[in-house]
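Structures given as structure tokens follow.
Across the two complexes that follow, chain A remains constant while its partner is chain B and subsequently chain C.
And now, the complex of A and B:
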């Protein structure tokens, strides 16, 4: 017997498992746990531990389930089976109202909800209960029947020691490890169970069991068993940004292709531990004097699910599959602040045609970027004096005072650079200057430089073959993945275009990942436009919208005149789904940002590139300090919301 | 539907064509409700139950059976004229029934195989559902129909609301009842995913695959299911026999069978007993 509150792990021999079942029953609880029936391990009421599936396991694959005897004595060697716990918290059929025609009234039947204990709840299943808690109890309107059943249930969780091919809790972040939300937690070892209490109710039960303190070896074995399960599951799916990835794919042809296979049978939704849709049917006596409204588990795969008198909003199978998948992995987030899937794999196993939700998700909304964020690009030359020497392979005049130098023979670190980064550029006897990289080529980079001071004047006057000192690439880059599945809008002013040119290259290279791509560019006069020929070529393409304006027009200019923000009247996309990348003079950026926000673009989806005085480029000289940032190493590219009130404020 | 008038009881008739009478019997099997029904409806014409017959028009006509002869094809037209609501009951009336399997075979050969004197049998080449001849207001599916659904339809007529008959897969009833899927867990061929519910998942409750007596639900991706069954490694003959049951002639089951026609010819050559007679024998995967 235990005398102190439980703050540690205990050990219960396998032969003593029934003491747990009997302790729960002695408290008047209906004990519901895994048991073998109809060729499967189902959850049902049990009277003793002898009814648990000792020596049974299951194998699951898309559209296939088999239970089998192992010859061993492990009790919880199975994974999530055909039953989900929602059957006991959210019954498949529930009497809602009894109405009377003669004296015209509606009654809600009073219900006694007897105390229950759920024995054998897995991590994914606990997460599923948590999701239904949000649905039924987390909003303005609540389901009191659910509350009653949920409160009536004591939860004895079990760690998974193995996974099936259909399990993907690691992808959904729900398992395999049970971390919270239980009263008692069991981890099955060769001889018995490591037991932990997670609540006062659990502690009270544990104190009544013939358990002893677990040894260090047992506690270690418990951790190892969950970790072995996790390791057996392989790499998690790339789920980052799945919400937006999926909602950007409403027109994907795959929806129609899935519909060829999907039977609309709804087995996925009724097996799912989080699906919560219901229908209400009337059960009336012959002349309708007394009628009972029954709530039934329904499914969005039902042909009539979205039907009104005038027609059916989702009349096609493809519409219904899209509704289900985009709800589970997309709009559920908007409604309940989490995805609607816990990765239990039931929808995969119990689909008669074996449609694998993981495969469909990844085919319809492919991963955006490598799942592991690559290491930031570190310049090979890390100290302020360590310049490598590059050669000018081409010089191209952009305007009367601006030229693009193409450099080769570079430090290889540049080849791993990203659009938005910059280089410190030096000539002997001249102070080094920060110059943004305006293009990455297979064997070099472009620097586009305006002759604004002595060094930059010397640079634009270099000839082909000249040598130049470079250090980089430095600073942050445009986070292109923030525009995946969205409208990517690039806004440039004057020589703010060069830092964005590499981004435009990349947007077009990955064009299918964006709903649309647009470039808005304003220059002082037509003659001040950099990359004028390239802009013409871009404007002729149909996969990018290009809009240009100038402050002052010359005689040959037939385009727009005015500031760049006036071009936004040409924006014809949903600003709520826009990601903007902005670079130009600071006042131009401030005006742009205000206009974008005014049009409904989310501030956290606006990125700006700032310019400051830089001597070192690596956060050591102090010149570029702006509030809490060093623009050279924390920037130059910032998310607008990072900047707070330092942006748009004079004198910072 | 008909308003429940207190003075005049709705007049009901029950008629039958090519069928076994089992669905009509379901009405008589509503034992607990029979007195209430008799009180609220005027059972005007029901030869199976009473020899006292009364001519139309009727408020509700329940029609059992497929149209299998030229005479029946005429009678159903007259019955429609007499009926305010015409309700087909059972697999024969709603889908053509088991006799519609002859629709894939040579009519004369079938007649010669079944009857010693086929010259006395004046059947049409095809047995067809009532809905191919006249407009049908409502149908009750099944072989036989479900007593609960029949009572619900009568109730709906009296109250004046739509019958609460759900257009959903048999799988829904299995899942609500907590039955383990016999297809996924035991490999039995089952038509549940493409078949309309209403039977209470009767066959899966007893550990057997559904053989589709309630007919295809709407929409029913029967083609997708037959393709998946073939992809599981089942022989085309087996899939053909699964669909070739009581509701074989109802689309889209009919289309699946036509697609699998070649397999069916093979099955015939190998002298397999006629499809539909033992649809469940194939259900043991």
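And now, the complex of A and C:
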């Protein structure tokens, strides 16, 4: 007898494998395992280990499957075949109700679910069972037939020792090694099998087998064979952020291209071990007395899958392919907190035209440039009065009273700043003023300043080469990640544009992360527009929508006249997927926010930048207090919902 | 016994043309939420015009001869201030209306409507539109609130402009 088999490894000789099959059968279990049928290695009921595919292997490629006899005596040298275990936990046809003509009623057939044992479950397939558990058992409503079958199945897992060209479990993080979810786990070596138990039921079986303790060499060889399998699969696909990447690509032209090749046959969904869609069909006896309601596997590629009386929601092949791919690798995450793919590669192998889901995924939602998590911004010269001296490298007049100073020779801390932050700027003999940073350059920053008081007037009159004292970067920044995968809309009014200019730079630098990018800017008159040349250049680009308006204009102005909120009349997108960044006079922001909310933008996806009297810039002087916040330290950028009813309230 | 009001003249346009006017109307902000029968009725009163840049569609103080919905292009509403020349108060973008003073006495335009970008508009002759509205109360009941909404939006925007929020 074995003393303590859990968490220890045992060895079962190859000739004794049938003792496992017979032990399972002796418990009254139907044993289902790989066997050769119809030129393929499929899962079906077996009576003995002799029915396993001893000496068989398979080669798979996009649109290609061949099972071949290679000699030898290994039984698990194949990979995922045309059948998956869902056939036994979630049968292709299931009788739901029977109605008899005599009396009105819906009778549920009594179901006997005999105990089963799944022999040869791979890591990807265990993950698939786990995903179907979430779908069928993890929510408010459950599938009791599935529960019954799942509970009736004892799982004997097998480590993969080889991979096919279609395998990509390493990309999905599901394999090749089996980690959990099994009763027994086998690793096939030349002479036999290293066996581990993963549950009390597995232990009970293991105790009845003629197994001995595995040697260190055997345990090492077991680890090596899985690692060799992993190495043979090469680099995993870059899947980070695939959910957002994919959902930002609903308008990608590739959907139409792949639909040119796709036959809408549904092989991918039927061979997929996680696809769970079904159709209910009614069958009547010829005598018309008995009718049966049956649940069948369905496919979202079926032409009528999304049809209603008035039409078809996904009438085109491209709609259906997009539905499938965005569900598996996108919205499945929203529904079940996990991607819906396990990387078994069946959809690649069994696609008659060899569409490779990996290739489509990377073409439609390519990996994003790696984001380096920026170091927390540590301002230079943080204490009041501790200014570092920078040099003005360029001065550019924006309007009659506004200029942009480019600063260089800065403390390097400034270069790590983020769009939306500000600097305290001082000249000797002038009080310091907060100025938002309107651009980050490789070797400096821009400050855009309107002459409104003595310091700002002195600043806009500085010449190239002049020196200024700066502290910063200070305050909060625009949370650009809140717009990933969404429509990013930047709304600026008057001199509210400078704090947003760096954000526009960043949005365009990471353009592929957003469904769309738009800039709406309202100024008093055409002559009051800041960055006028840049705005013209932006308007000529096709990756950003630019809409400008002015409050009043002379006869020469051919552009829009009206307030910035009117620009939203022209917006035609799903506002529920919009993130807005707003800066301007508070009353203008309030009108904008009302318009945005009226159009369906979620208040928690609206960000505003507030202006208050700031003297220290670091939350010590008390001037900029607004309700619960010091605007300099807790802002200036706030999420609208943070502000509650203090936003735009008189006298706060 | 009261006489039935005179039947408004209906253009003898081909059916396909009528449908395409309804489709154009439906695409606009102004027309999109009007009931189908109103869209149908308006389309029968409508004609499509093209305008060139700098073309004057209505003149401040003169009789408003037509009301229109901009399909594309851009119109500017001008008012003249002696000594300052014309000032643009508002641009009318696709989907929005011009010439709403055709509906209220004294039927005179409150500003000059000048095209700043070439485009097209759906237009309704003033007299025909008033006759149709007087005869068909269902039409009037569905059209007037939409006109009031368009004018109200303009009023709200004008108030914001009046605040001169971007002033120094």
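Quick note on the criterion: the second predicted complex is superposed on the first by the 361 of 652 C-alpha atoms of A that agree within 3 Å, B and C clash if a C-alpha of one lies under 4 Å from a C-alpha of the other, contacts with A are read in each partner's own complex, and residues count from 1 in each chain.
By definition in this document, a contact is a pair of C-beta atoms (placed from the backbone, for glycine too) under 8 Å apart; a residue touches a chain by one contact, two chains touch by 3 or more.
The structure displayed is predicted, hence computed values, not measured ones.
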Open item on the list: Output check: A:591 vs chain B and chain C. Expected answer is one of first, second, both, neither. What do you get?
Closed with: second
TODO: Based on the superposed arrangement, let me know which partner A:555 touches: chain B (first), chain C (second), both, or neither?
DONE: second
Open item on the list: After the superposition on A, what does A:40 contact: first (chain B), second (chain C), both or neither?
Closed with: first
TODO: Check the contacts made with chain A and report whether chain B or chain C touches more of its residues.
DONE: B
Open item on the list: Between chain B and chain C, whom does A:139 touch in the aligned arrangement: first, second, both, or neither?
Closed with: neither
Open item on the list: Applying the document's definition of touch, where does A:494 land relative to chain B and chain C: first, second, both, or neither?
Closed with: second
TODO: May I ask you to decide whether A:286 touches chain B, chain C, both, or neither, giving the answer as first, second, both or neither?
DONE: first
- [ ] Report for A:265: first if it touches chain B alone, second if chain C alone, otherwise both or neither.
- [x] first
Task: Complex contact set, residues of chain B against chain A - done: 4, 33, 36-37, 40, 151, 154-155, 158-159, 161, 164, 166-169, 171-172, 175-181, 183-187, 190, 192-194, 207, 217-219, 221, 224-225, 227-228
Open item on the list: For a test of understanding, state which residues of chain C touch chain A in their complex under the given definition.
Closed with: 29, 53, 74, 76-78, 85-91, 93-96, 116-117, 153, 157, 160-161, 163-168
Task: Touch list for chain A against partner chain C, complex - done: 401, 450, 452, 493-495, 522-524, 528, 549, 551-555, 557-563, 565-566, 569-570, 584-585, 587-588, 591
TODO: Spell out the residues on chain A that touch chain B in their complex, using ranges where they run on.
DONE: 37-40, 42, 44, 63-67, 82-83, 87, 92-93, 259-267, 270-271, 279, 281-288, 296-297, 299, 302-304, 317, 349-350, 352-354
